[in-house]
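When the chains are written out, they are named A, B, C, D, E and F in that same order, and each has its own residue count from 1.
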Amino acid sequence: MPTIFFYGPKLEKDKKKELIKSFTESASRATGLPEQAFVIYLREADKEDVGVGGELLSEKIR
Amino acid sequence: MPTIFFYGPKLEKDKKKELIKSFTESASRATGLPEQAFVIYLREADKEDVGVGGELLSEKIR
Amino acid sequence: MPTIFFYGPKLEKDKKKELIKSFTESASRATGLPEQAFVIYLREADKEDVGVGGELLSEKIR
Amino acid sequence: MPTIFFYGPKLEKDKKKELIKSFTESASRATGLPEQAFVIYLREADKEDVGVGGELLSEKIR
Amino acid sequence: MPTIFFYGPKLEKDKKKELIKSFTESASRATGLPEQAFVIYLREADKEDVGVGGELLSEKIR
Amino acid sequence: MPTIFFYGPKLEKDKKKELIKSFTESASRATGLPEQAFVIYLREADKEDVGVGGELLSEKIR
(Lines give C-alpha, C1' and ligand atoms only; values in the text may rest on other atoms or scores of the structure.)
Protein backbone atom coordinates (compact mmCIF):
# COMPACT_ATOMS: atom_id res chain seq x y z
CA MET A 1 0.00 0.00 0.00
CA PRO A 2 -0.40 2.62 -1.52
CA THR A 3 -1.35 1.60 -5.06
CA ILE A 4 -1.51 3.74 -8.20
CA PHE A 5 -3.31 2.98 -11.47
CA PHE A 6 -2.46 4.78 -14.72
CA TYR A 7 -5.04 4.35 -17.50
CA GLY A 8 -3.52 5.80 -20.66
CA PRO A 9 -1.83 5.20 -24.01
CA LYS A 10 0.76 2.47 -24.67
CA LEU A 11 4.19 3.65 -23.51
CA GLU A 12 7.69 2.64 -24.60
CA LYS A 13 9.74 0.84 -21.96
CA ASP A 14 11.92 3.85 -21.15
CA LYS A 15 8.82 6.03 -20.64
CA LYS A 16 7.26 3.35 -18.39
CA LYS A 17 10.39 3.34 -16.24
CA GLU A 18 10.44 7.17 -16.17
CA LEU A 19 6.76 7.35 -15.12
CA ILE A 20 7.08 4.65 -12.44
CA LYS A 21 10.17 6.33 -10.99
CA SER A 22 8.67 9.84 -10.89
CA PHE A 23 5.24 8.70 -9.59
CA THR A 24 6.94 6.73 -6.81
CA GLU A 25 9.21 9.63 -5.81
CA SER A 26 6.33 12.14 -5.74
CA ALA A 27 4.02 9.80 -3.83
CA SER A 28 6.72 8.92 -1.31
CA ARG A 29 7.43 12.63 -0.74
CA ALA A 30 3.73 13.51 -0.34
CA THR A 31 2.88 10.61 2.00
CA GLY A 32 6.14 10.22 3.88
CA LEU A 33 6.00 6.49 3.13
CA PRO A 34 9.09 4.59 1.84
CA GLU A 35 9.31 4.09 -1.97
CA GLN A 36 9.30 0.31 -1.38
CA ALA A 37 5.64 0.51 -0.30
CA PHE A 38 4.34 1.70 -3.67
CA VAL A 39 2.85 -0.51 -6.40
CA ILE A 40 1.97 1.05 -9.78
CA TYR A 41 -0.16 -0.53 -12.48
CA LEU A 42 0.16 0.82 -16.03
CA ARG A 43 -3.16 -0.10 -17.65
CA GLU A 44 -3.05 0.47 -21.37
CA ALA A 45 -6.22 2.00 -22.87
CA ASP A 46 -6.42 1.78 -26.65
CA LYS A 47 -8.08 4.71 -28.48
CA GLU A 48 -10.56 2.16 -29.86
CA ASP A 49 -11.78 1.51 -26.32
CA VAL A 50 -11.95 5.01 -24.87
CA GLY A 51 -14.75 7.56 -25.18
CA VAL A 52 -14.24 11.30 -24.72
CA GLY A 53 -17.12 13.76 -25.02
CA GLY A 54 -19.43 11.01 -26.29
CA GLU A 55 -17.18 9.84 -29.14
CA LEU A 56 -14.62 7.09 -29.64
CA LEU A 57 -11.16 8.63 -29.06
CA SER A 58 -9.89 6.86 -32.21
CA GLU A 59 -12.39 8.87 -34.23
CA LYS A 60 -11.58 12.17 -32.58
CA ILE A 61 -7.82 11.78 -33.24
CA ARG A 62 -7.34 10.76 -36.92
CA MET B 1 -14.12 14.20 -14.64
CA PRO B 2 -16.44 12.24 -14.38
CA THR B 3 -15.05 8.88 -15.49
CA ILE B 4 -16.92 5.68 -16.32
CA PHE B 5 -15.55 2.14 -16.53
CA PHE B 6 -17.41 -0.66 -18.34
CA TYR B 7 -16.12 -4.17 -17.59
CA GLY B 8 -17.84 -6.53 -19.99
CA PRO B 9 -17.65 -8.63 -23.17
CA LYS B 10 -15.80 -7.61 -26.34
CA LEU B 11 -17.99 -5.26 -28.41
CA GLU B 12 -18.03 -4.50 -32.13
CA LYS B 13 -17.01 -0.95 -33.06
CA ASP B 14 -20.57 0.21 -33.78
CA LYS B 15 -21.74 -1.09 -30.39
CA LYS B 16 -18.81 0.67 -28.66
CA LYS B 17 -19.82 3.94 -30.29
CA GLU B 18 -23.49 3.37 -29.34
CA LEU B 19 -22.58 2.63 -25.70
CA ILE B 20 -20.20 5.60 -25.38
CA LYS B 21 -22.79 7.96 -26.88
CA SER B 22 -25.69 6.77 -24.70
CA PHE B 23 -23.63 6.58 -21.47
CA THR B 24 -22.37 10.12 -22.08
CA GLU B 25 -25.83 11.51 -22.81
CA SER B 26 -27.38 9.86 -19.71
CA ALA B 27 -24.54 10.92 -17.43
CA SER B 28 -24.58 14.48 -18.74
CA ARG B 29 -28.36 14.67 -18.15
CA ALA B 30 -28.11 13.21 -14.63
CA THR B 31 -25.17 15.40 -13.52
CA GLY B 32 -25.85 18.58 -15.49
CA LEU B 33 -22.22 18.49 -16.64
CA PRO B 34 -21.28 19.06 -20.33
CA GLU B 35 -20.73 15.90 -22.43
CA GLN B 36 -17.17 17.06 -23.08
CA ALA B 37 -16.29 16.36 -19.44
CA PHE B 38 -16.91 12.60 -19.64
CA VAL B 39 -14.25 9.92 -20.21
CA ILE B 40 -15.35 6.30 -20.68
CA TYR B 41 -13.10 3.25 -20.55
CA LEU B 42 -14.36 0.04 -22.16
CA ARG B 43 -12.43 -2.70 -20.36
CA GLU B 44 -12.87 -6.03 -22.07
CA ALA B 45 -13.31 -9.00 -19.70
CA ASP B 46 -12.90 -12.39 -21.38
CA LYS B 47 -15.14 -15.24 -20.10
CA GLU B 48 -11.91 -17.11 -19.29
CA ASP B 49 -11.04 -14.41 -16.75
CA VAL B 50 -14.39 -13.82 -15.05
CA GLY B 51 -15.97 -15.77 -12.21
CA VAL B 52 -19.71 -15.79 -11.49
CA GLY B 53 -21.18 -17.74 -8.57
CA GLY B 54 -17.81 -19.41 -7.91
CA GLU B 55 -17.27 -20.73 -11.44
CA LEU B 56 -15.40 -19.56 -14.54
CA LEU B 57 -17.92 -17.79 -16.80
CA SER B 58 -16.51 -19.68 -19.80
CA GLU B 59 -17.59 -22.91 -18.14
CA LYS B 60 -21.05 -21.66 -17.23
CA ILE B 61 -21.79 -20.52 -20.81
CA ARG B 62 -20.82 -23.39 -23.20
CA MET C 1 -21.16 -9.53 -15.18
CA PRO C 2 -20.90 -6.88 -16.74
CA THR C 3 -19.99 -4.24 -14.16
CA ILE C 4 -19.99 -0.47 -14.52
CA PHE C 5 -18.23 2.10 -12.32
CA PHE C 6 -19.21 5.79 -12.31
CA TYR C 7 -16.68 8.11 -10.65
CA GLY C 8 -18.32 11.52 -10.36
CA PRO C 9 -20.07 14.11 -8.18
CA LYS C 10 -22.56 13.30 -5.42
CA LEU C 11 -26.02 12.70 -6.92
CA GLU C 12 -29.49 13.03 -5.45
CA LYS C 13 -31.42 9.76 -5.09
CA ASP C 14 -33.68 10.42 -8.08
CA LYS C 15 -30.66 11.14 -10.29
CA LYS C 16 -28.95 7.94 -9.08
CA LYS C 17 -32.02 5.94 -10.05
CA GLU C 18 -32.21 7.72 -13.43
CA LEU C 19 -28.52 7.03 -14.16
CA ILE C 20 -28.69 3.37 -13.09
CA LYS C 21 -31.80 2.79 -15.20
CA SER C 22 -30.43 4.47 -18.35
CA PHE C 23 -26.94 2.90 -18.05
CA THR C 24 -28.50 -0.54 -17.63
CA GLU C 25 -30.86 -0.10 -20.59
CA SER C 26 -28.06 1.15 -22.90
CA ALA C 27 -25.63 -1.56 -21.83
CA SER C 28 -28.24 -4.30 -22.20
CA ARG C 29 -29.06 -3.04 -25.72
CA ALA C 30 -25.40 -2.83 -26.75
CA THR C 31 -24.41 -6.24 -25.36
CA GLY C 32 -27.61 -8.20 -25.86
CA LEU C 33 -27.35 -9.33 -22.23
CA PRO C 34 -30.37 -9.23 -19.88
CA GLU C 35 -30.67 -6.15 -17.61
CA GLN C 36 -30.51 -8.48 -14.57
CA ALA C 37 -26.83 -9.20 -15.34
CA PHE C 38 -25.65 -5.62 -14.78
CA VAL C 39 -24.15 -4.24 -11.56
CA ILE C 40 -23.39 -0.51 -11.32
CA TYR C 41 -21.27 1.19 -8.68
CA LEU C 42 -21.71 4.93 -8.15
CA ARG C 43 -18.39 6.05 -6.64
CA GLU C 44 -18.61 9.57 -5.33
CA ALA C 45 -15.52 11.71 -6.02
CA ASP C 46 -15.40 14.93 -4.00
CA LYS C 47 -13.89 18.00 -5.73
CA GLU C 48 -11.35 18.08 -2.88
CA ASP C 49 -10.03 14.70 -4.05
CA VAL C 50 -9.96 15.13 -7.82
CA GLY C 51 -7.27 16.73 -9.97
CA VAL C 52 -7.92 18.10 -13.45
CA GLY C 53 -5.14 19.66 -15.52
CA GLY C 54 -2.76 19.53 -12.55
CA GLU C 55 -5.01 21.40 -10.12
CA LEU C 56 -7.47 20.42 -7.38
CA LEU C 57 -10.98 20.51 -8.94
CA SER C 58 -12.26 22.36 -5.86
CA GLU C 59 -9.87 25.20 -6.67
CA LYS C 60 -10.81 25.30 -10.35
CA ILE C 61 -14.56 25.54 -9.60
CA ARG C 62 -15.13 28.22 -6.91
CA MET D 1 -22.91 -7.34 -6.11
CA PRO D 2 -20.33 -7.82 -4.49
CA THR D 3 -17.50 -7.61 -7.03
CA ILE D 4 -13.85 -8.62 -6.64
CA PHE D 5 -10.88 -7.58 -8.78
CA PHE D 6 -7.60 -9.50 -8.76
CA TYR D 7 -4.66 -7.67 -10.36
CA GLY D 8 -1.81 -10.14 -10.63
CA PRO D 9 0.26 -12.48 -12.81
CA LYS D 10 -1.18 -14.62 -15.62
CA LEU D 11 -2.66 -17.82 -14.18
CA GLU D 12 -3.24 -21.25 -15.70
CA LYS D 13 -6.90 -22.24 -16.12
CA ASP D 14 -6.91 -24.63 -13.17
CA LYS D 15 -5.44 -21.93 -10.90
CA LYS D 16 -8.05 -19.43 -12.13
CA LYS D 17 -10.82 -21.87 -11.22
CA GLU D 18 -9.20 -22.56 -7.82
CA LEU D 19 -8.90 -18.83 -7.04
CA ILE D 20 -12.45 -18.02 -8.16
CA LYS D 21 -13.88 -20.88 -6.10
CA SER D 22 -11.95 -20.04 -2.91
CA PHE D 23 -12.51 -16.25 -3.17
CA THR D 24 -16.24 -16.84 -3.65
CA GLU D 25 -16.49 -19.25 -0.71
CA SER D 26 -14.58 -16.92 1.65
CA ALA D 27 -16.52 -13.84 0.58
CA SER D 28 -19.87 -15.64 0.88
CA ARG D 29 -18.92 -16.81 4.41
CA ALA D 30 -17.75 -13.35 5.49
CA THR D 31 -20.75 -11.46 4.09
CA GLY D 32 -23.50 -14.04 4.51
CA LEU D 33 -24.46 -13.43 0.87
CA PRO D 34 -25.15 -16.36 -1.53
CA GLU D 35 -22.24 -17.43 -3.77
CA GLN D 36 -24.38 -16.63 -6.81
CA ALA D 37 -24.11 -12.90 -6.00
CA PHE D 38 -20.34 -12.72 -6.51
CA VAL D 39 -18.55 -11.59 -9.68
CA ILE D 40 -14.76 -11.86 -9.88
CA TYR D 41 -12.52 -10.23 -12.47
CA LEU D 42 -9.02 -11.64 -12.97
CA ARG D 43 -7.05 -8.73 -14.42
CA GLU D 44 -3.69 -9.85 -15.68
CA ALA D 45 -0.82 -7.46 -14.93
CA ASP D 46 2.36 -8.16 -16.91
CA LYS D 47 5.68 -7.54 -15.12
CA GLU D 48 6.47 -5.08 -17.94
CA ASP D 49 3.55 -2.92 -16.79
CA VAL D 50 3.93 -3.01 -13.01
CA GLY D 51 6.15 -0.87 -10.82
CA VAL D 52 7.25 -1.88 -7.32
CA GLY D 53 9.45 0.37 -5.19
CA GLY D 54 10.01 2.73 -8.14
CA GLU D 55 11.24 0.09 -10.60
CA LEU D 56 9.69 -2.01 -13.35
CA LEU D 57 8.83 -5.42 -11.84
CA SER D 58 10.32 -7.11 -14.93
CA GLU D 59 13.67 -5.58 -14.04
CA LYS D 60 13.47 -6.53 -10.37
CA ILE D 61 12.71 -10.20 -11.14
CA ARG D 62 15.20 -11.41 -13.84
CA MET E 1 1.81 -6.81 -6.27
CA PRO E 2 -0.66 -8.57 -6.59
CA THR E 3 -3.56 -6.35 -5.48
CA ILE E 4 -7.15 -7.32 -4.72
CA PHE E 5 -10.20 -5.04 -4.53
CA PHE E 6 -13.41 -6.12 -2.78
CA TYR E 7 -16.45 -3.94 -3.56
CA GLY E 8 -19.22 -5.00 -1.18
CA PRO E 9 -21.25 -4.29 1.96
CA LYS E 10 -19.83 -2.82 5.17
CA LEU E 11 -18.17 -5.56 7.24
CA GLU E 12 -17.49 -5.86 10.95
CA LYS E 13 -13.81 -5.83 11.93
CA ASP E 14 -13.66 -9.58 12.61
CA LYS E 15 -15.15 -10.31 9.19
CA LYS E 16 -12.67 -7.94 7.53
CA LYS E 17 -9.81 -9.80 9.16
CA GLU E 18 -11.31 -13.17 8.17
CA LEU E 19 -11.74 -12.06 4.53
CA ILE E 20 -8.23 -10.56 4.27
CA LYS E 21 -6.68 -13.70 5.75
CA SER E 22 -8.57 -16.15 3.52
CA PHE E 23 -8.14 -14.07 0.33
CA THR E 24 -4.40 -13.80 0.99
CA GLU E 25 -4.01 -17.52 1.68
CA SER E 26 -5.96 -18.53 -1.45
CA ALA E 27 -4.14 -16.05 -3.68
CA SER E 28 -0.73 -17.06 -2.33
CA ARG E 29 -1.56 -20.74 -2.98
CA ALA E 30 -2.83 -20.06 -6.52
CA THR E 31 0.07 -17.81 -7.55
CA GLY E 32 2.91 -19.34 -5.57
CA LEU E 33 3.79 -15.83 -4.36
CA PRO E 34 4.53 -15.12 -0.65
CA GLU E 35 1.61 -13.77 1.44
CA GLN E 36 3.65 -10.64 2.16
CA ALA E 37 3.27 -9.57 -1.48
CA PHE E 38 -0.52 -9.16 -1.34
CA VAL E 39 -2.41 -5.91 -0.74
CA ILE E 40 -6.20 -6.01 -0.33
CA TYR E 41 -8.54 -3.03 -0.46
CA LEU E 42 -11.99 -3.41 1.08
CA ARG E 43 -14.11 -0.80 -0.71
CA GLU E 44 -17.46 -0.37 0.96
CA ALA E 45 -20.41 0.02 -1.44
CA ASP E 46 -23.59 1.30 0.18
CA LYS E 47 -26.91 -0.07 -1.16
CA GLU E 48 -27.85 3.54 -1.93
CA ASP E 49 -24.98 3.68 -4.43
CA VAL E 50 -25.27 0.31 -6.17
CA GLY E 51 -27.53 -0.66 -9.07
CA VAL E 52 -28.52 -4.26 -9.83
CA GLY E 53 -30.76 -5.12 -12.77
CA GLY E 54 -31.45 -1.41 -13.41
CA GLU E 55 -32.64 -0.59 -9.90
CA LEU E 56 -31.07 0.88 -6.75
CA LEU E 57 -30.06 -2.05 -4.51
CA SER E 58 -31.55 -0.22 -1.51
CA GLU E 59 -34.94 -0.37 -3.22
CA LYS E 60 -34.61 -4.04 -4.12
CA ILE E 61 -33.75 -5.07 -0.54
CA ARG E 62 -36.20 -3.41 1.88
CA MET F 1 -7.91 10.71 -20.86
CA PRO F 2 -5.53 9.59 -19.32
CA THR F 3 -6.80 8.90 -15.79
CA ILE F 4 -4.83 8.15 -12.64
CA PHE F 5 -6.08 6.59 -9.40
CA PHE F 6 -4.16 6.89 -6.11
CA TYR F 7 -5.30 4.49 -3.38
CA GLY F 8 -3.54 5.53 -0.18
CA PRO F 9 -3.73 7.29 3.19
CA LYS F 10 -5.68 10.49 3.86
CA LEU F 11 -3.63 13.51 2.77
CA GLU F 12 -3.69 17.14 3.87
CA LYS F 13 -4.86 19.63 1.24
CA ASP F 14 -1.36 20.94 0.49
CA LYS F 15 -0.08 17.39 -0.02
CA LYS F 16 -3.03 16.61 -2.34
CA LYS F 17 -2.18 19.65 -4.45
CA GLU F 18 1.52 18.68 -4.48
CA LEU F 19 0.73 15.10 -5.56
CA ILE F 20 -1.74 16.16 -8.27
CA LYS F 21 0.72 18.70 -9.67
CA SER F 22 3.70 16.33 -9.74
CA PHE F 23 1.72 13.34 -11.10
CA THR F 24 0.31 15.53 -13.88
CA GLU F 25 3.72 16.95 -14.81
CA SER F 26 5.38 13.51 -14.89
CA ALA F 27 2.54 11.92 -16.87
CA SER F 28 2.44 14.79 -19.35
CA ARG F 29 6.21 14.50 -19.87
CA ALA F 30 6.08 10.70 -20.32
CA THR F 31 3.10 10.68 -22.70
CA GLY F 32 3.62 13.96 -24.53
CA LEU F 33 -0.03 14.80 -23.82
CA PRO F 34 -1.06 18.25 -22.52
CA GLU F 35 -1.54 18.56 -18.72
CA GLN F 36 -5.17 19.57 -19.35
CA ALA F 37 -5.94 15.99 -20.48
CA PHE F 38 -5.19 14.39 -17.10
CA VAL F 39 -7.74 13.51 -14.41
CA ILE F 40 -6.52 12.21 -11.04
CA TYR F 41 -8.65 10.55 -8.38
CA LEU F 42 -7.31 10.45 -4.82
CA ARG F 43 -9.09 7.48 -3.25
CA GLU F 44 -8.57 7.40 0.49
CA ALA F 45 -7.96 3.91 1.94
CA ASP F 46 -8.28 3.73 5.72
CA LYS F 47 -5.92 1.32 7.55
CA GLU F 48 -9.06 -0.40 8.88
CA ASP F 49 -9.96 -1.36 5.31
CA VAL F 50 -6.61 -2.44 3.89
CA GLY F 51 -4.89 -5.82 4.19
CA VAL F 52 -1.14 -6.30 3.77
CA GLY F 53 0.45 -9.74 4.05
CA GLY F 54 -2.84 -11.24 5.26
CA GLU F 55 -3.40 -8.81 8.14
CA LEU F 56 -5.38 -5.61 8.65
CA LEU F 57 -2.97 -2.68 8.13
CA SER F 58 -4.39 -1.02 11.27
CA GLU F 59 -3.15 -3.98 13.30
CA LYS F 60 0.27 -4.04 11.67
CA ILE F 61 0.88 -0.32 12.37
CA ARG F 62 -0.03 0.43 16.03
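The working rule: contacts are C-beta pairs under 8 Å (C-beta built on N, C-alpha and C of every residue); 3 or more make two chains touch, one makes a residue touch a chain.
Because the structure is predicted, anything quoted here is derived from the model rather than measured.
Participant: Keeping to the contact definition above, tell me which chains border both chain D and chain E.
Facilitator: A, C
Participant: If we look at chain D and chain F, which chains touch each of them?
Facilitator: Under the touch definition, chain D and chain F have A, B, C, E as mutual neighbours.
Participant: Counting only Cα atoms for the centres, state how far chain B is from chain C in Å.
Facilitator: Chain B and chain C have C-alpha centres separated by 11 Å.
Participant: How far is the middle of chain B from the middle of chain F, if each middle is the mean of its Cα atoms, in Å?
Facilitator: Roughly 24 Å, centre to centre.
Participant: Could you tell me the distance, in whole angstrom, between the mean C-alpha positions of chain C and chain F?
Facilitator: 20
Participant: Enumerate the residues of chain A that touch no fewer than two other chains.
Facilitator: 1, 3, 7, 16, 23, 39, 41, 45, 50, 52
Participant: Are the chains arranged, by touching, as a line, ring, star, complete graph, or other?
Facilitator: Chain contacts: none of line, ring, star or complete; other.
Participant: On the basis of the stated criterion, which chains touch which? Give every pair.
Facilitator: A-B, A-D, A-E, A-F, B-C, B-D, B-F, C-D, C-E, C-F, D-E, E-F
Participant: Across the complex, what residues on chain A touch chain B?
Facilitator: 7, 45, 48-56, 59
Participant: What does chain D use to touch chain B in their complex?
Facilitator: By the definition above, chain D touches chain B via 13, 16-17, 19-21, 23-25, 35-44.
Participant: Can you name the residues of chain E that touch chain A in the complex?
Facilitator: Residue positions touching the partner: 1, 3, 39, 41.
Participant: Which bits of chain F are touching chain A when the two form their complex?
Facilitator: Where chain F meets chain A, its residues are 1-9, 11, 15-16, 18-19, 22-23, 26-27, 29-31, 33, 45, 50, 52, 57.
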